[in-house]
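Per-chain residue numbering starts at 1, and chain names A, B and C are given in the order in which the chains are listed.
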Amino acid sequence: MSINEYLEKLQGLDYKNLYQNDFFLTWDKTQDEIFAIFAVADALRYLRENNISPKIFDSGLGISIFRDNSTRTRFSFASACNFLGLEVQDLDEQKSQIAHGETVKETANMISFMADVIGIRDDMYIGKGHTYQVNVARYVEEGYKDGVLTQRPTIVNLQCDIDHPTQTLADALHLIHEFGGVENLKGKKIAMTWAYSPSYGKPLSVPQGVIGLMTRFGMDVVLAHPEGYEVMSEVEEVAKENAKKYGGKFTKTNSMEEAFKDADIVYPKSWAPFAAMEQRTDLFGQGKTKEIEELERELLKQNEEHMDWACTEEMMKLTKNGKALYMHCLPADITGVSCRRGEVDESVFDRYRIPLYKEASYKPYIIAAMIFLQKVENPVDMLRKLYDRKQPRLLR
Amino acid sequence: MSINEYLEKLQGLDYKNLYQNDFFLTWDKTQDEIFAIFAVADALRYLRENNISPKIFDSGLGISIFRDNSTRTRFSFASACNFLGLEVQDLDEQKSQIAHGETVKETANMISFMADVIGIRDDMYIGKGHTYQVNVARYVEEGYKDGVLTQRPTIVNLQCDIDHPTQTLADALHLIHEFGGVENLKGKKIAMTWAYSPSYGKPLSVPQGVIGLMTRFGMDVVLAHPEGYEVMSEVEEVAKENAKKYGGKFTKTNSMEEAFKDADIVYPKSWAPFAAMEQRTDLFGQGKTKEIEELERELLKQNEEHMDWACTEEMMKLTKNGKALYMHCLPADITGVSCRRGEVDESVFDRYRIPLYKEASYKPYIIAAMIFLQKVENPVDMLRKLYDRKQPRLLR
Amino acid sequence: MSINEYLEKLQGLDYKNLYQNDFFLTWDKTQDEIFAIFAVADALRYLRENNISPKIFDSGLGISIFRDNSTRTRFSFASACNFLGLEVQDLDEQKSQIAHGETVKETANMISFMADVIGIRDDMYIGKGHTYQVNVARYVEEGYKDGVLTQRPTIVNLQCDIDHPTQTLADALHLIHEFGGVENLKGKKIAMTWAYSPSYGKPLSVPQGVIGLMTRFGMDVVLAHPEGYEVMSEVEEVAKENAKKYGGKFTKTNSMEEAFKDADIVYPKSWAPFAAMEQRTDLFGQGKTKEIEELERELLKQNEEHMDWACTEEMMKLTKNGKALYMHCLPADITGVSCRRGEVDESVFDRYRIPLYKEASYKPYIIAAMIFLQKVENPVDMLRKLYDRKQPRLLR
């Protein structure tokens, strides 16, 4: 591919609404906007592979707010910001005065005087993470309009309670490259299934994000989980509508075998039941620590009833020619490695290690593409300019 | 305004002593030096608003040492450094070996091999913070003279036990813009008053910094607090002398009403009594934890006797046309929001939210101006050069 | 010196194997490679002193992994990265998901999508630190070959259980400058001796690194320690072979006096006995916390039997003309300052403060030189280019 091919892809698309806007959920965005992100992500990777710097910022801050531990998202955000010229500044809520009665509105403005982008990860409480991100966006918009801020930082959702767009768009770009084009995803069966893990409370944003996004590419999306492990019904609605609109399928099953049968792609991953997560959020709000502990114990016991939900070699044999592409957002709970019994057999995981790492490698470029499209008014012209400028990333 | 107007302001001033020097206390500096900081802060904001990069550093570190939690000062320092081209490196004393018997002299040199500026916040113990900053400056000066350091990092006081210059200069620049010029501050009444807060031990550096600075602009500065909440007498002396020298007034009262009466500006804020803070520092030095807890309990009880010291709607009515400009360094203790009873009514705070945020927005520019004037020998020429270079901050 | 003299030094050397390679141990490297690092370190310092930027990276990350507290190494790494154009991103293992079952292979790849260099400090467990670094290198090499990474980050050993090359190369460069050239080190006696400290478990990497490196310059290297404080025998073998190969001497003694006698240089420093460190590592592996505590208590008691191993004024009189150069990696345990009785008398330490700080000041340049030689294919041409470009570090 040359830079021209990426630019040609971009040229036909209408993505002007990404400019100066936030990225919360993939289903907020049009098909053209999603494809624009893929095209820019690929173009930026092309520049990097050719040692051409796409630095559009001479200075500026990329603020990161992580309310949960993270390795790859943290480093992906830092990489994306650095690649474009922003310095990451972490809002460590423990070191800040937020605990001392500062409001979200105030903090949002106080950190944004020179911020161009704010990346937020807040996935721990149902009904909270997305709301928090939307509020931050609203407050900085106000701050900008009121003349407090000289620029309007835009939000990148680095995972919320509803969606994990930087993950699922990286997943999708991986699929596009593995299958040789988005048009080849049409009709492919992807099994987004629950899998057993001995740890409690993994977020729902990945399965939700996957069914909300992959249904856009005409895929046959199957969501599988034991009874009681439902995801948010609103997101299931999104998946259904997408399937209808884009000519794909969205079905549900309580059988992992059924989901794996003839699948082209499998994405087995643990998550907590939505209803329980909601209950937990309520208990947390009431400060009922003892009850939370009890609930978590109960849920772990409930998990144990479904230990057979695992991506074993036997299960893989059910997939298309026994060779479905195995996906995971990482880190996975690998049986015999990170736990006694987990989401996936060691031999399965090992066989797919390289594609798994490649899957993850798209995330920095997806984030960089989001920032690029949020900040650059004429992306085609700018990419052309950057390409022609040929400023080396590493001097040679 | 055009860049020329800022440069003309600068041209008439004598500020050569700021070059290669530290910033500890506003009253160390001449009137010309203070005005030079305002002019450069405004010029840098002008450049930013016009998307012109003032990056004077191609590389270099801005070290931050925070011995207390902070949101806005931390981000302001990071913003200022980044804007000029310095990367912030935080000296986290927990991660460092300082606890293992390293001296201040040694640390100061060890972190400074490539440091251009060191920002220090150390406001917790009376008699300690300022001394610490002066020592760091002395040690890096020695290191530079001894050939250990290839450059002499300069100090920016990000808050000490005596003064909070980056806050109060931002406050002053805010006033200058609100009132349409420093000449319009002449004769204006500003009430720097204590206010009730349910939290113990807020630093004295803000009220001290305010009376030490605002008395320079010919203002009518009133310091109000309940008996027993005195600030450092040395700083009161500074305020008195300034008032005399610059044709203003400095008075004290134990009545909040008297202070608010016909005030053009009110700055109601809690602080701990100086004498008690001194006692606490002594107890801390002796390791008397139990006595410290007792003292803090006592002081909280003492605070409670003055719950009526609050910036209520009733109190605001006493001010000039009921419309004094309300100021605060943030975060404020807002009644019914961050605490049951606090420094200010919610409706008052909300009415002034935009000016309050603007007040805070000057801090990154004040810090950047300090660094600029410490590092650039010919600021007028350099600003002209940066303006003519027109290097875009964000490529367009 | 002019830039040409450094370039001439470089031109005669064969150091092509440093390119795209890691730096684990000084004895992995040829004599030419070690001298190339000195020459580039000096050249980079020359550029800095002449306000010329050697920024070779337009963007890119320098990842730091510190598994132990650190001030000077942390800041040295940050300074070196920043000077060359890399932004430091710290892998804080507490904030990451490593605890949740992520493997070293996975983490190494996940942090490296845009990483050019990874600096690792891991000195706490015998047999672990070096192995960890080698594994990280192997995994990113694989990731690069598998197409996961678009560039291969190289490793800089910021201290392991075996060697501390950035420290000892800085030590050596300090000696070269103090004695006016590496040729003047020939025949000089250096006493690397144990010294008493009231703290337990200081790493062995410094004494090991010193005997492994200084024996290359034809020096008379004496290792002195009480019985039972042996270092790794493999490293003693390296020292013996070096002495033979490069025409120097390596001897051992259990008498500090003997080591100090007529020494040109003394390096008195506490360390834990290798055998005990090994035992401790085993106990740690078995989770025997109580036994570890017991072992540490025992070792502290054992230390106390050797309180007379201190660099006192009396001891210094034994050295060549009573004026040996005193060295330390800092922070030192100073008698009467950081502890009741420690490694060195206050008056001795104070007399050598400036050379000690200078010794430390070479570390950022040594690290920068390692990175430079790992990343630049034609260092002579590149240094010439950077010199001719004359891009100012600080605009003037």
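Simple rule for what comes next: a residue touches a chain if its C-beta (ideal position, glycine included) is under 8 Å from a C-beta of that chain, and two chains touch if they have at least 3 such contacts.
A quick note: this is a predicted structure, and the numbers were derived from the prediction, not measured.
Q: Enter the angle, 0 to 180° in steps of 5, of the rotation superposing CA atoms of chain A on those of chain C.
A: Copies differ by a rotation of 120 degrees.
Q: What's the call on chain A versus chain B, same or different interface residues, using the half cut on shared numbers?
A: Chain A and chain B contact each other through largely non-matching residue numbers.
Q: Report the inter-centroid distance (CA atoms only) between chain A and chain B in whole Å.
A: Between these chains, centre-to-centre, one finds 41 Å.
Q: Please list all residues of chain C that touch 2 or more other chains.
A: Expected reply: 55, 87.
Q: Under the touch definition given earlier, write down the residues of chain C that touch chain B in their complex.
A: The touching residues are 45, 48-49, 53, 55, 66, 69-72, 74-76, 78-79, 82-85, 87-88, 199, 330-331, 333-334, 337-339, 354, 357-358, 360-361, 363-364, 391-396.
Q: Enumerate the contact residues on chain C facing chain A in the complex.
A: Those in contact with chain A are residues 55-61, 87, 89, 91, 95-98, 100-103, 106-107, 109-111, 113-116, 143, 146-150, 375-377, 382, 385.
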